[in-house]
Amino acid sequence: MAVALEAIALNKRFNNLQASNNVSLAVEQGEIRGVIGPNGAGKTTLVNLVTGVYKADSGDVKLAGESIVRCDMHEIARRGLVRSFQVTRLFGSLTVAENLRTAFLARRPTDGGDGGAQIDSMLDLTKLRPLANTQAKKLSGGQRALLQMGCGFMVPGSCYVLDEPFSGINPVIKDSIIEMILDVNRRHNATFLIVSHEMTIIRRLCPKVTVMMEGKVAAHGSLDEVARLPEVIAGYLGKALE
Amino acid sequence: MFSTELVAQTAISGVMIGVLYALMALGITFIYSIMRMINWAMGEFYMIGSYLQFMLVAWVLGPDLWWLAILISTAGVFLLGLVVQWGLIKPIFKKPPEMRDDYATVVTLALLLFLRSIATGLAGPNQFTPGSTLPIMMIGPMPMAGARVAAFVFALAALGIFWAVLRYTWYGLALRAASQSRVGVQTAGIDVLSVDRVAFGIGVALAGLAGALLAPVFLVFPTNGMITTVKGFEIVVIGGLGSIPGALIAGILLGLIESFGAAFIDSAYQNIYGFLLVLAILVLRPTGLFGERGREA
Amino acid sequence: MRKFGLLLAAGLAAIGVSAQAQNIGIGLDIPLSAPGDAAGGQMIRRGAEIGIDMVNAAGGVLGKKLELFVTDSQSAPAMGVANYRRLVGENKVVAVTGFFHSSVALGINEVAKEMGVPTLAVQASASDITAKHYDIAFRTHAVDPVRVAAWMEFIKKKGFKKISIIAETTDYGIGLTDETIAQNKSGKAGLDIQKITFDNKATDFTPQLLQIKSFKPDLVLNIGVGTPVDLIMDQATTIGLLPTTPMLISYDAPTRPQYWQLHPKNGEGIYFIAYYSPKSPLSDLGQAFAKAYKEKYKEDPVYGALNGFGAIEILAQGLKAANSTDPKALIKALESGTFKSWPDAPVTFPRADGVYWHNWVPPVLIVHYTKPNQDWKEADIAVTYSKK
Amino acid sequence: MSAFASTGFGRSAITILVAAAVLLLLPLVASSFVLHVATIGFYYVILAASWNLLAGYTGQFSLAHHAFAAVGAYTSGLLGYHWGISFWIGIPAGVLLSAAMGFVLGRLVLKMRAIYLAIATWAFAETVHVYLTADYQFTRGELGLSVKPLFGSVDPLKYYFLFLGLTVVLLIGMRALIDSPLGYFMRAIKDDELRAKSLGIDTTKVKVAIFSLSSAIAGLAGGFYAHYTVLLSPQMIDFSEMAKIVIMVVIGGFGTFLGPIIGAAPVQVVMTYLQSWGEWNLAVFALIVIVLMRFSMEGIAAVFTPLWRRMWRDG
């Protein structure tokens, strides 16, 4: 199978902190990969390096075989790499529908349209239709997370990088988001890289996980495999899985 | 024309004036670092400081007690700052954050127009001077008005005290913490709005101090704060918002560039040199020479 | 929204309809707030107000009373033009006088030449105000060539050779500087002139003054307006340029009441241009005005006030001569008549050449303070220059 | 009708045209001075609305907008003064120069945070101001630059119609822009620039484009203004002009389409008629602004919005 997203020996330093130390990983087309690790392990830094928020000090990022490490964020997004943020980011003064429309227009496919149909179906999918004309800043945390996810799915991408998509939201909405992820994965053979602490969801979604600790990749493998590794137990899972 | 004496004199004059400009910049940068807002009416507090100084020296204390007048004027502006913050600025911070900048700007712009017109209406458009009994002094090869030397010394002292208070006192710690994170300070049990009030008071008091110090040098009239504010903003950009050494060094730099530009290039464009420096700095180092670079995301 | 539009239209219309005035209106456009020279405007206003009172006390004009409409130009031409339109359109004034800042007068004249109501500039000195030969443009103020001629005579009398000019980068400063250089050339005066310019918003002139000091001039010409004049004096004193080198100020700022308050120590020895001194003879009108002014303001009138008063008198006499409030008739009467103002000399506005078109120039004096705290009325008159 | 279909444009266009039709009748009842005030008022509506595009919608709090109006005005004025070039070339040249300078300044301030951007643009405006004053031999400095009137006369009637037409066209254009994809991107950038980038919006391009566009509009307004006021002075770039624009927009309603339109008119009228207060006029004006801000920060538009909604719902 083809490699969809590849990080090669990424390094990033902030003052005295080596936030990313020679990080490499490869995610195959259609794979849903989990990234786990303790706080401060460099997971969000990895997301930011891959999606162009930070410029890596050294190393490379490849999307479908092409290097994107020198690209601006918006170019990376246009190439089909879509991300979400740990702290949900939305356009607060825009309404729910306007948020979806902006997301659609930003990566509008060449065969275009104004996105009306897509917005309609996304409102149904996220069950946000009653709130279509509500400003995003007035939504609850769960609704915000749903909307952010919905925006990401407005134009199908080839690869999604999700930073803690399940933190702090109620189980019902968690399930909706999981449904959306699986749906997109099935229909478009889309690739996912999901950073999360929620082991039960990771176990459900991700056949394979990458463990990060202290800025480095500590292990790759299925959750059960990595859970048996002594250094992972010592550094992280031993506590988390209890 | 390019005599060593002239160069030395120009340099001394540039440094002296630069330190005084820095005082103004410090007020702007301090208010910004705590409250994340720009006070466009800064020059009007300078103006009020200079009027207070004039009234105290001319009518109450006499020219020999000018130093006492300076302390009282500064304190007066500080109190006025507290009132203005309470009446006009504080309500802004009860509004959603995305609107604050714009409204703070409009309110302080309106305050600028208001104070300036009030001064013209009450005191008339004429200039005044509190006068000075200090003799002319020689600074190296450069004769200097005593009042200007005194202002320079006072300004340096004020910068030093300000730095020490910020560095070594509990209140300074609270202020620094507030400049790092307003929310953080609140969770630590400090009333951030009262920190604001004092910060605003101190910030405008620095402008008032500059006004009182410079009253005998640059005279007292309704728009006398304008040019010092302009310099203050230039320095803030050059030095970097929120940086005290930045304000001092950028102040001196600006003073020198204007002095030398006026003396050796073309004096008609004296005020352009500073702006060009500002634009150059912003292009090369968008956060100023000593400004922190923010981490995004 | 439709309603709103109608309301707006109705509101604007209501504003437009003003009561038909029974009085004869005269407009006074002067700077009253920053960035204009509000002190200059205030003086003109005082004089004009007393002028109106005096004319009305003497029975008014054409059986009606005069009424003054004051507007604030701030020194912005756009503001001045709006004021003129309003004075003419709403207040139905027969003439607009005042004008301190030349740019305002120039802007207004461009509109006035079409709207037809004459203007009488009392303290704006740019040549173009009258040199454009507009029918409506009148002036009673010293123009650059006359002022420069006065100090060239002074310089010759004193035998000065090296002159430093420190001038603001405005039409005023540059105009006078260039005129001085031109008269030096044309009159073969053979002066060595140093020209230094400054931005009129500057506050620290030390760098410029240091250059002047190293030039070692016989005379410094201080061509600033407003605060810079005083700052230049103070800073020149500090670096030792004053009092050893004489300084001449290009207008009558030192006659203003605050002069000695600002310069208790370095005010002595200054020369300045003035257009009036109590030592120069006043007309009977001028004497009556000086008395009224002193009663009201407890100080002597300065030139601005006198000229503001003079403008009202001239217009009142012009209206009488025209026997009409029609602007064309008033212009004709002003051009052909001889009027009485504050100086003991006849005032006329002939269609003369160049800058002297419709322009009556009061005599120019160069006055010298010889003692500290000297009353300007007591000061020496070094030179009296009248245009030949 | 779906909630997000762009009907806002249609409603606004209709309203603008109806208001314009009413205003076409104003000369029947108004004096020439009122027409003058209204004409200058239109000029400020254009400046306020175009600045609102930049600051209110895109979040770039520029303090150089008045400088771009002056660039447009002086370009046409100088071309005419020195080389006798007609306004047919002068005004477009002014628009182009404003747009080009807006483009360059927009690029320079691109990465700056709000407050630096404000100061940098302000420094730019002051530089233009000092230049116009100091290079008096070319610009005529504070003496003022004479410009030929557009219609050979300065009677406000024709200019009133001209500025009314210009305002209507530009407002409808701006409304269309706000409803276009670019409009969505502008608002997105103001709310959260990083998020906008992460969605694939080329924020650099959008910000620079809006900076150039709003500068060009200011330059256009300035060009016509020059040929109406007939004497230009560096006073055009006095900071108080910029303060006026900011106050108009914020009083009306910052970042709303209606805001600058309904803010400019009262400010212009109040400032004109406060003249009779002499030296106190600005104090009174400032006090009105402070009180308004103190008690209703959303601006006048907030009062109109419910009315607006009800009007369209009822018919």
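Chains: A, B, C and D, in written order; residue numbering restarts at 1 for each.
The working rule: contacts are C-beta pairs under 8 Å (C-beta built on N, C-alpha and C of every residue); 3 or more make two chains touch, one makes a residue touch a chain.
Owing to the predicted nature of the structure, the values given are computational and were not obtained by experimental measurement.
Among the remaining chains, A is positioned farthest from chain D, on the basis of C-alpha centroids.
Ranked by how close its C-alpha mean sits to the mean of all protein C-alpha atoms, the top chain is D. Per-chain CA centroids place chain B at a distance of 36 Å from chain C. Here the CA centre of chain B is 32 Å from the CA centre of chain D.
Work out the mean CA point of chain A and of chain D, and you get 42 Å between them.
Inter-chain centre distance (chain A to chain C, centres taken as mean C-alpha positions): 74 Å. For chain B, residues touching at least two other chains, in rising order: 98, 116-117, 120, 125, 268-269, 271, 296-297. Looking at chain A, residues 53, 85, 92-93 sit in touch with two or more other chains.
Within chain D, the positions touching two or more other chains are listed as 130, 134, 191, 194, 279, 281-282. Against chain B, the residues of chain C that register as touching in their complex are 33-35, 37-39, 42, 169, 196-199, 201-204, 206-208, 210-211, 214, 227, 230-231, 234-235, 237-240, 256-258, 261-262, 264.
Chain contact summary for the complex, chain B toward chain D: residues 32, 38, 87-88, 91-92, 95, 98-99, 101-103, 105-107, 109-114, 116-118, 120-121, 125, 230, 233-234, 236-237, 241, 268-269, 271-272, 275-276, 278-279, 282-283, 286-288, 294, 296-297. Put simply, chain D touches chain C in their complex at residues 15, 18-19, 22-23, 25-26, 29-34, 36-38, 40, 130, 133-134, 136, 140-144, 146, 153-156, 229-233, 235-236, 238, 265, 269, 272-273, 275, 278-279, 281-282, 308, 311. On the side of chain B, the complex with chain C involves touching residues 1, 3, 5-6, 9-10, 13-14, 17, 116-117, 120, 124-129, 131, 136, 142-145, 148, 217-219, 221-224, 226-228, 258-260, 262-263, 266-271.
Residue ranges of chain D in contact with chain A, taken from their complex: 2-5, 181, 184-185, 187-188, 190-192, 194-204, 255.
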